[in-house]
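Each of the next two complexes has chain A plus one more chain, namely chain B in the first and chain C in the second.
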Partner chain A sequence: MPITHPNLHLNRLDGAIPAWLGEISPDDLLPICQNVSDGGGRLLALWGSDVRDQGNGFALHVSLVNEAGLICLSMALDTAQPVYPDISRIFPAVARMQRAAYDLLGIYAQESQDHRKWIRHGAWHGFPLRKDFVNHQTHPHPNLPPMPSHQSSPASGRGGEREMQSSIPEGEGTMARSPAENVDQPLDAYPFVRVEGQGVHEIPVGPIHAGIIEPGHFRFSVVGERVLRLEERLGYTHKGIEKRFESLTLQQGARLAGRVSGDSTVAYAWAYAMAAESIAAVTPPERALWLRALLLERERIANHLGDLGDLGNDVALSFGFAQFWILKEQVLRNNAALFGHRYLMDKIVPGGVAVDLTAFGKSTLRDECTMLEREVRVLRGIYEEHAGVQDRFIATGRVEPKLAAQLGLCGLAGRASAQAWDARVQFACAPYDRLDVRMATYRNGDVAARAIVRFDELFESLRLQREIMDRLVHGDAATEMLEKLPGNGFGVGMVEGWRGEVLVAIHTDATGRFARVHPHDPSWQNWPVLEHAIMGNIVPDFPLINKSFNLSYSGQDL
Partner chain B sequence: MPIFQIIRQIVRTGFKTEAPPLPDEALRAEPQRLHGEILRAFGGALSIRQVDAGSCNGCELEIRALNNAYYNIEGLGIKFVASPRHADMLLVTGPVSRHMETALKRAYDATPEPKLVVAVGDCGCDGGIFGESYASCGKVSSVIPVDVVVSGCPPTPVAILQGILTAVSAQKGTSASP
Partner chain C sequence: MENTNLALGMLFQLFQSLLVVLLAPLLMGWVSQCRAWLQNRSGPGLLQPYRMLRKLFLKDAVIAFNASPLFRVTPYILFGCMWLAAAIIPIIAVDLPFSPAADVIALVGVFALARVFIALAAMDIGTAFGSLGARREMLVSFLAEPALLMVLFTASLISHSTQLPSIVGALAHREFVLYPSLAFAALAFVIVLLAENARIPVDNPNTHLELTMIHEAMILEYSARHLALIEWAVSLKLFAYISLGIALFIPHGIADVGKWDALPLSIAALLAKLVMAGAGLALLETLLAKVRIFRAPEFLGTAFLLAVLGLLIHILLGA
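Moving on to the complex of A and B:
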């Protein structure tokens, strides 16, 4: 048992990772969360579901994790008053998840300090994840006034400042409230927290950013160049992924899961497959599991290469960008040649994989490993000795281990701030249980530490890739397709993607179709920490700090 | 000293790319041909404003790859610019989320005429796997006029370059090769 509590009866779930499910009453939520937190555990995800058709009102689901495994808690909420106790005092990271659960389902955390909308900007009425929601229900946008004048860039002429320029300022209060909108706020108005004080001014940026990156809004309160506060507003790329799942089959859902956050398609596809396999109590063939790990490590390699290049670019070392992106392109081309897709989309399917690796493939990848090890070693030496790089990396965007623990910073950014969690280590599912992954952790929590974690993990992934190829077992079929899920099931999958833990939970209805699918991105945990990381730094360093986290907008907006 | 290391690494990489492995050859020839055509068609100066209107970020990965040495889009005189006011073309990805509808329309309005719009990815073409819903307007052309669509999930950098070329050539009245 991962935890004990008098009112908690946990059942072990089938599947690749140690996970338990327990039904509790909302009254027991706080003490159980406190218990897990006191034991060094964390909160992974929170979501709700509409189970009124089963005569049960609404339900809240909370996923916690400690050294023993995943603890999934479900509790029934009243239909008329779907409330539950606020747990953000124990796990601050949950605050936005609680707000999103209200926006999408209309269940809310009692006594929460922050009732502002999070995912919903006012483009629709009602609660989309309620079963009686009409999916095409939208309301016309109010007539927009002309765009406000162009905001000047707060950034000086240093490398990488382009991201800071706000080409489409999202001016608060620039839109007239239409009378029909007395319930909903107009699309643009959001009550940002204001910082008062002499010489403080606000810089709004986004939602469209200057670089080729996803949309979101950042509001900086600055004195001179120094950032006093950053407040994020996300949700711009919300495209109804969770609702969409409910109309898809198991196979179609695998494609959608692989597009929650395109840069982590392998991690999502695996977590989704793992959740489905948990419900169906099936284990994919051994060879399929080894191939999954190979694909996951290749996703990590490609993303870390790209990020290391971008970090160089942000400190005016365009040489670093050029070199790392050549390497990344070579990895992508090998992916296309050997597996049929540059980013490996749709290659992990429920029940197995849709790829195989030939002897030719193995030798290509071995050559690639040798080449990457050689090149990245040289580049690492250059980054470490380059005074300009070190000057910009060290002590920039620092998150102390204590703050990281308190806020629940996870994934590679967490490991750069001494949060020693890596699902491949703690919950080593096959084949990781035979691979002995070496976790990279550092204490400094600055841009430099997040770069070093990437270097370490890159080398470790290359080592793992070799080992996987050496040990890849023979098997006839890589795949035993899983066609359908049993009814009234619940399953969960968790995979250590390159950014952090990706979780997918699946609930099926009586007929085995999706009642609810919830994908959870590690960015939920890490976005709020970015607000702290920038504090006290100068505005022109924001693109660098932001890039060192490289969080997903799409993954959290859903 | 790092500067010597840097030069040495550049020299080494330079040699390496001159002897490309065989499968690269087709991919390499393609960007070069496209480069020539874009230069002819647009006189070597094209400013693009990229707008992610709700993508899964997969398409952004490929658009960013256009900047790597293999595709070298900047070498063509194609620049990604920060403001739509300085753009000749909008390169739009994603199904357009309802939350990005306004921002996309504003970006379009702010782009000076004559403007080109290229919708990138299956989502931009027809809504892709996300389709239309309470949260998604679906394809880009349901929100702003689109000149060229590039299918693929995500489309390869070569396909995106081709889409850019097609839009540019059509505008200039020159014929783009398929």
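Moving on to the complex of A and C:
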């Protein structure tokens, strides 16, 4: 048992990673979270679901993780007043997840201090993830804010928005006591926290940037060049992924999961497959698992190469940028030649993998490994000996280990601040349980440390790639594809992507179709830490610090 | 005879003025091309700046609602200042008719005038980036300007004049000797050139990161013909600075006004020097990373120190 609590009964879930599911009452949430936090555990994800069609009102799901594994807690919330205790005092990272859960589902954390919109930029009325949501986008009257009725046609929610047009919205009332009176605020009236004082001024940046990057708004409060405070506003790439999942089949869902955040497509596809296989209690053939690990490491290699180049570019060392991107391009081209897609999309499917590796492929990848090891070693030497680069990297954007632990910094950035979590090590699923992954951790927590972690992980991934090819077992790469899931199931998958742990949770309804799919990106945890990393640094260092985290917008805006 | 000389001089002046305006983008293209080669890239080609100018001139300008006339006229002032500067500096021939119009101090003043206008225009729109860029530009330039003056004074002391034609004439027609004072001044000049032309390590002309920009931040709101003029002025400024460096430190081969036969050699020498200077600039930019903005004062302080050292060496050692 990962934790013990008198009111908690945990059931071990099937699947590749150690995970438990427990039903609790909302009143027990705080003590259990405190218990996990005291034991050094972290919060991974929080999401809600609408289970009124099963007569249970709403449900809140929280994923916690400690050394033993993943603890998934579910609790039923009242239909009329779907509230739960605020846990952001224990896990600060959860604050934005709680705000997003309100925007999407209308469930909210009691006593929470921050009721501002997170994902909803005034683009819709009501709560999209409720099964009876009517898409008011198609309404001719912009000033029509009727809340959807909670009682209307519970079974028809699955079909998506369009077939719901006929349902007549009843009067609102159940949400009258909701914390947010600002439901119908104008689009841009987002109350940023203001810093007052002599000489303080604000620099608004984005969501449109001078370069081609994802959209996000950054509000700097500065004195001269020094940053007093940064506040992020994200949500510009909200695409309704979670809602879309509910109308997809298992196979279609695999494609969508691979597109939650394009740079982590392998991690998402694997986590999704892992969750589905957990519900169906099937284990893919061993060769498929080895190939999955190969693809995941290749994704890590490509992204780390790209990031190291970008870090060079951000300090105007375009030499480093060009060299690393030549190497990354080589990896991507090999991906395209051997697996049919540069970024390896749709190669991992529930039940196995959709690719295989030939003897020719093995020799190509071995050559590539040798070339990369040689080149990256030289480039690492240049980065580490270049006075200009080191001057910009060292002590910039520092996140102390203590702060990192407090805020739940995870993944690559966490390991650079002494947060020794790596799902490939602690919760090694096959084939990682036979690979003995060496975790890279540093204590400095600055840009330099995040660069070094990338270098170390890059070499480790190259080593793993070789070892995987040496030990790749013969056999089928995929058995019969997983076609359908059992009814009323819950499964969860967690994969250490290059950025951090990616989690996908799947709930199925009575017929085995998706009731709720929640993909969780490590960026949820790390975006708030970026606000702390920049404090006390100067404005022109922000792009460098931001790049050293390289967080996903799409993955967390969903 | 006087009239013929003047007419010839005007012809030379006209020729040089046209030459710099037409060649300046090519120099930019050359620097970019060298940088691309040094980074293992194939590069967009030497003519890319001309294509860029053509594209920009063909576009419709977008101007902020709250832009004042200052914002609109600044590109023309900027272009005019840089063209004037490039016309004053003896590039293909000494003793051009325009040269007496301004000595080295006035030349620094012409650059300063352009800077004041671009900084004002940047703040005119009222965006955060414009003010940010203007503020940083002023920080860099108020440190670069004295260093530049010190460099010019060193050369003036050697030739006993602040008139550029006299300086260049004096230096060009001597036996080739090494002046330690000029060597220090040349180092200082290179640093000032990098800073004043928004090059690495002080600024990055190719960046897309708006928070790190200095020069680019000031011109973010410009588009179409205005942007084209500014880009052209930027290339003229780089051309003027490099030409000034050539005139001060390696003027050998420059023609005297009116001597047609010396002109081909003068132009050939100029082109060869520009090719080498452009390649050298690209090499420097490839090797260096951008310094943190608060290290820029140290960097420019070094320039000032070197220039003063040059001056002292001349005064104390007479070398």
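One rule holds for everything that comes next: the second predicted complex is superposed on the first by the 506 of 558 C-alpha atoms of A that agree within 3 Å, B and C clash if a C-alpha of one lies under 4 Å from a C-alpha of the other, contacts with A are read in each partner's own complex, and residues count from 1 in each chain.
The rule is simple: contacts are C-beta pairs under 8 Å (C-beta built on N, C-alpha and C of every residue); 3 or more make two chains touch, one makes a residue touch a chain.
Just so it is clear, the structure is predicted and the values come from calculations on it, not from any experiment.
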* Taking the superposition as given, does A:Pro26 touch the first partner, chain B, the second, chain C, both, or neither? -> neither
* First (chain B), second (chain C), both or neither: which does A:Pro528 touch? -> neither
* To do: Tell me which partner A:Asp263 touches in the superposition: chain B (first), chain C (second), both or neither.
  => first
* To do: Name the contact category of A:Ile208: first (chain B only), second (chain C only), both, or neither.
  => first
* **Touching partner for A:Asp314 - first (chain B), second (chain C), both, neither** => second
* Asked: What is the contact status of A:His121 with respect to chain B (first) and chain C (second): first, second, both, or neither?
  -> first
* Does chain B (first) or chain C (second) touch A:Ile538, or do both, or does neither? -> second
* Asked: Which touches a greater number of chain A residues, chain B or chain C?
  -> B
* Thinking of the overlay built on chain A, is A:Gly361 touched by chain B (first), by chain C (second), by both, or by neither? -> neither
* Touched partner set for A:Gly381, first chain B, second chain C, both or neither -> first
* Under the contact definition given at the top, report the residues of chain A touching chain B in one complex and chain C in the other. => 210-212, 319, 321-323, 326, 386
* Flag every residue of chain C that touches chain A in the complex, lowest number first. => 35, 38-41, 128-129, 132, 200-201, 204, 206-213, 216, 220, 286-295
* Can you name the residues of chain A that touch chain B in the complex? -> 121, 123-124, 128, 133, 135-138, 141, 144, 147, 150, 153, 162, 165, 167-168, 170, 187-188, 207-208, 210-215, 235-241, 243-244, 252, 255-256, 259-263, 265, 306, 319, 321-323, 325-326, 328-329, 332-333, 337, 342-343, 345, 375, 378-379, 381-382, 385-387, 552-554, 557
* For the chain B and chain A complex, residues of the former touching the latter -> 1-2, 5-6, 9-10, 13, 17, 23-24, 27, 49-65, 67-70, 80, 82-85, 94-95, 97-103, 105-107, 109-110, 128-136, 153-154, 156
* In the complex, chain A residues that touch chain C -> 201-205, 209-212, 225, 312, 314-319, 321-323, 326, 386, 388-389, 391-392, 538-543
